[in-house]
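In what follows, subunit A forms one complex with subunit B and a second complex with subunit C.
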Partner chain A sequence: MSQHDPSVWSSTSFWRRSAAWVTGFSAILLIFLTFDTMSQIQMGSDEDLKTGKVRRVPAPTVINHAIEYKMSRKRGHEVPVIGEEQPFFGKIWSPEDARALLHKGKVTVQAKNCMDCHTLLGNGAYYAPDLTKAWLDPAWQKGGLMQTLTRTHSTEEAMAKFLMDPPKYATHTRRMPNLGITRDEAVAIVAFLKHMSAIDTNGFPRNFSKPHQGEVTYAK
Partner chain B sequence: MLSKLLAHPAFESPTKRLAMKYFAVALVLFGAQLLFGLLAAIQFLWPDFLFNLLDFSINRMVHINAMVVWMLYAMIGSVYYLLPDETGHEAAGLKLGELVFWILTLAVAVVVLVYLFVQVGPGKDSTIWLITEGREYIEAPRWADIGIVAVVLVFYYNVLGAYLKAERKTGIMTVLVADLLALAGLYLAGMFYTDNISMDQYYWWWVIHLWVEATWEVFVGAIAAWALIKIVGAKRRIVEMWLWIEVLMLFGSGILGLGHHYFWIGTPEYWWEIGALFSSLEPVPLVAMFVHVLYDWGKEQGRTQALENRSAIRNAPAMAWVSINAFGNFLGAGIWGFFHTLPQVNIYTHGTQFTAAHGHLAFFGAYAAILIAMMYLAIQGAAGIRIMRMTALSKWSIALLVFGIMGMTVALTIMGYEQTLVERAELGGGWQAYFTAQNLPWYVQAQGWRLAMGVVTFIGFVLLFVDLLTIGNRQHEERQHEMEPAPAAA
Partner chain C sequence: MIIQKCTDVSCDNIFAWLNQGPLTLTITLHLIILVPMVWIYLQEKRKLQHRPPEES
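== the complex of A and B ==
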């Protein structure tokens, strides 16, 4: 057919070949980038945390550390800053135990279908708040609304108590239902949330829980 | 009624009969999608509605899963329907195809019953396998995933078999065979578990994005090409050349456009540039597809009007839906997608109702519309009607569906706009910021309008449902009356 074409621009075989080349090239580039991205988002090790090596996705033992979210001068947006050791539910978790806990937390988050009301890393449904940096939300900190409501004295205890009976501590008419979350599951979910808050999300959400006042605090 | 047509269709092809079954289930699931969407919309306004009985998460899950599944059913139906025409052969393993239709339908029913009555499970691996995987859009438990893969393999064998036997391999079939392989293969990327949420979402997007912004779009290109040949008698040579250009542009922009989902999930910053550049190009093929439909329509209309003094359109409802598809795809996927695709904007809009606004219009414009067009074409074939005309129901269903979806989209856009400004930019996106934004009048009123427009959409669907069920027989009988002299005695 193509030999009768007056011009290459109306030749089917030209466009077919071009489509194949462009598709192939895009796919190869995607696979190449995937290899690079995978190496960058591989979960870090406990060693990395101890030596202060910054990983985009830290080790599960990040739950044993204080986490902050601060503006980075260099990158122009907020980054998680992993601080000193801080007991989680009253203890320091071994790498094995932390890994097991994070596994249980992630599985529970899927089993309870959190993502069809909340967003995780901004993805999911829009019926309830984003959970990406929930661990760092002032509502759960000392003096925050949720610690007061649940009568607890730490972020993790407040979150765990809330998760086990959400309607009891509802703050709005739109309540979270009781999903039959056990104490073990609640502890694991909180570990998952704390770990997620330490992931480097390129500054999402921006100015997290800092109502706009024209001031920023910079990381070192 | 449709059942009469299904029992004695005008075509002999068993593959086409199988296609009709897929269309029938698709239509039922379409209804379920809208019903559960309405329940979820009501809960935004009255959160106590069905609280602890059928919570938002469940309604929303059924809402989006029913959509994905009805579209896949209608896509399989479309391929089976055009397969004998395009290849000159029936599906390779028809009995098997028949069997897996029932297996798939049974599996879908079981999955939905588990969603509705078991809802959530304990935090154990077994929940992922038996109850729900808990990942938006692909919540189906792992056992169902494996079943879906088996069913798709049978479907693909049927299509490939007919294609390989064909004496002349058409461009439409070549694109479909390649595209379906990619579409099916990509599903595998969503079938694994990892504790690493960033990695989880990285591959989750391979399924979601590379389906709806790459392989499904190419599928639509191929189906629309075939529909244009059938409806207005477009020239295959022109249509297929366009199709290859569309494949080039859709995959050229869509594959790396995947980067716009990798801005904030823990992945490196270079995805900002890659995602922004390629996803900004994604509307280009959608403009091309729209122009292409208008071009072919105009060209054939001019020709048949001059030569035969009649309209070129042989199926008016299908042509209307092809046009809605062409423009809706561009508007919903293209424009509404571009709104928030740049990282500078997306950091504030990500995870707001902006995404929902885009999702509603894009899925309707890009996919629902073309699949409805295919249903009208299939019914025309089953009833043996030479020229299918619009009925009052076809017109009203189009008007209400388009008005309803556009209304919901605008309402959701207003909510997204308000969330972006108040919750994100002003208050910093925390717990309190979220609820403050949810309770402001702009948001609440827009939710009211969304529900009202959802009801309009649902009424439009009911009319469409009735029209699809009756149009075939009605126009078939009218034609019989025209052709045969009236019998002397009744």
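== the complex of A and C ==
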């Protein structure tokens, strides 16, 4: 049998087998990654909150807890830390009520088209402040500007009062319009925002925390 | 450093580990795809070398 040096690059068989391998492998990988992502973004349970199990997306009852945003040296960015039980609008919500409230908050946010101006979890516009970690914004906390302006004594009350009549408490030339949000809708939106702030977003949005507290340690 | 310690929420997954350093996941996936392609290439080359040349 004679030996010669044919070009593999012009061989149809080589390209056909390579294409089959690449397509097949990529398809299997994508299916695996889809299921892996689904398990990672699945909402945690009330039990996880009680046992302190860290979940990327906590249970709806996280609204009954204090949430802090603390720098993690290990992670290289800030992470939400779920603290002690804390009444939300003066009461502790049951898992069913909390879930229903979050759902109402989500559909209200969709109905009022908040993403037309704001960003939520990376989706939306950058005309108005990013709402992903709005609950943790110092302006809404005790002694913050918004509690002073709205004459309230809690973050949830300040947010609800603001949402019901935003132009009245404007702090910027880009004024949020009055969207006709009712008290019930405002409570639901605040619950939705509080839950969203407890989601571990790997430090997104960047540079959210107060600059003077920024104990920034980058991963080495 | 290309490979770094996993610092994600859960590290019980190979992709969480691979996704830590810059480009690690990309390099790994390309390796997984390209190494069998080299094997396919050599196999095809051997096949072509042992095929009698076509008569013109």
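Details
Definition applied: the second predicted complex is superposed on the first by the 183 of 220 C-alpha atoms of A that agree within 3 Å, B and C clash if a C-alpha of one lies under 4 Å from a C-alpha of the other, contacts with A are read in each partner's own complex, and residues count from 1 in each chain.
Simple rule for what comes next: a contact is a pair of C-beta atoms (placed from the backbone, for glycine too) under 8 Å apart; a residue touches a chain by one contact, two chains touch by 3 or more.
If you're wondering where the values come from, they're calculated on a predicted model, not measured in any experiment.
By the document's definition of touching, of the two partners only subunit B reaches A:27; subunit C does not.
After overlaying the two complexes on the shared chain, residue contacts for A:40 are found with subunit B and with subunit C alike. Contacts of A:54 after superposition: subunit C is touched, whereas subunit B is not reached. After overlaying the two complexes on the shared chain, residue contacts for A:122 are found with subunit B alone; subunit C is out of touch.
In the superposition on chain A, A:207 makes contact with subunit B only, while subunit C stays out of contact range. With both complexes superposed, B is the one of subunit B and subunit C in contact with more subunit A residues. In the superposed model, A:76 makes contact with subunit C only, not with subunit B. In the superposition on chain A, no contact is made by A:159 with either subunit B or subunit C.
After overlaying the two complexes on the shared chain, residue contacts for A:113 are found with subunit B alone; subunit C is out of touch.
In the superposition on chain A, contact of A:172 is made with subunit B only, not with subunit C. The residues of subunit A shared by its contacts with subunit B and with subunit C are 1, 11, 18, 22, 26, 29, 33, 36, 40, 56, 75, 200, 202. For subunit C in complex with subunit A, the touching residues are 4, 7-10, 13, 15, 29, 32-33, 36-37, 40-41, 44-45, 47-53. In the complex of the two chains, the subunit A residues touching subunit C come out as 1-6, 8, 11, 13-14, 17-18, 21-22, 25-26, 29, 33, 36, 40, 54-56, 74-76, 200, 202, 219.
Considering their complex, residues 1, 10-12, 15-16, 18-19, 22-23, 26-27, 29-30, 33-34, 36-38, 40-43, 56-57, 60, 75, 99, 102-117, 119-130, 132-134, 137-140, 145-146, 167, 171-175, 177-182, 184-185, 188-189, 192, 196, 199-212 of subunit A touch subunit B. Interface residues of subunit B facing subunit A in the complex, by the touch rule stated above, are 40, 43-44, 47-48, 51-52, 55-58, 60-61, 119-125, 127-128, 131-136, 139, 171, 193, 195-202, 204, 237, 240-241, 244-245, 247-248, 251-252, 255-256, 258, 261-272, 274, 347-348, 350-353, 355-356, 424-435, 438-439.
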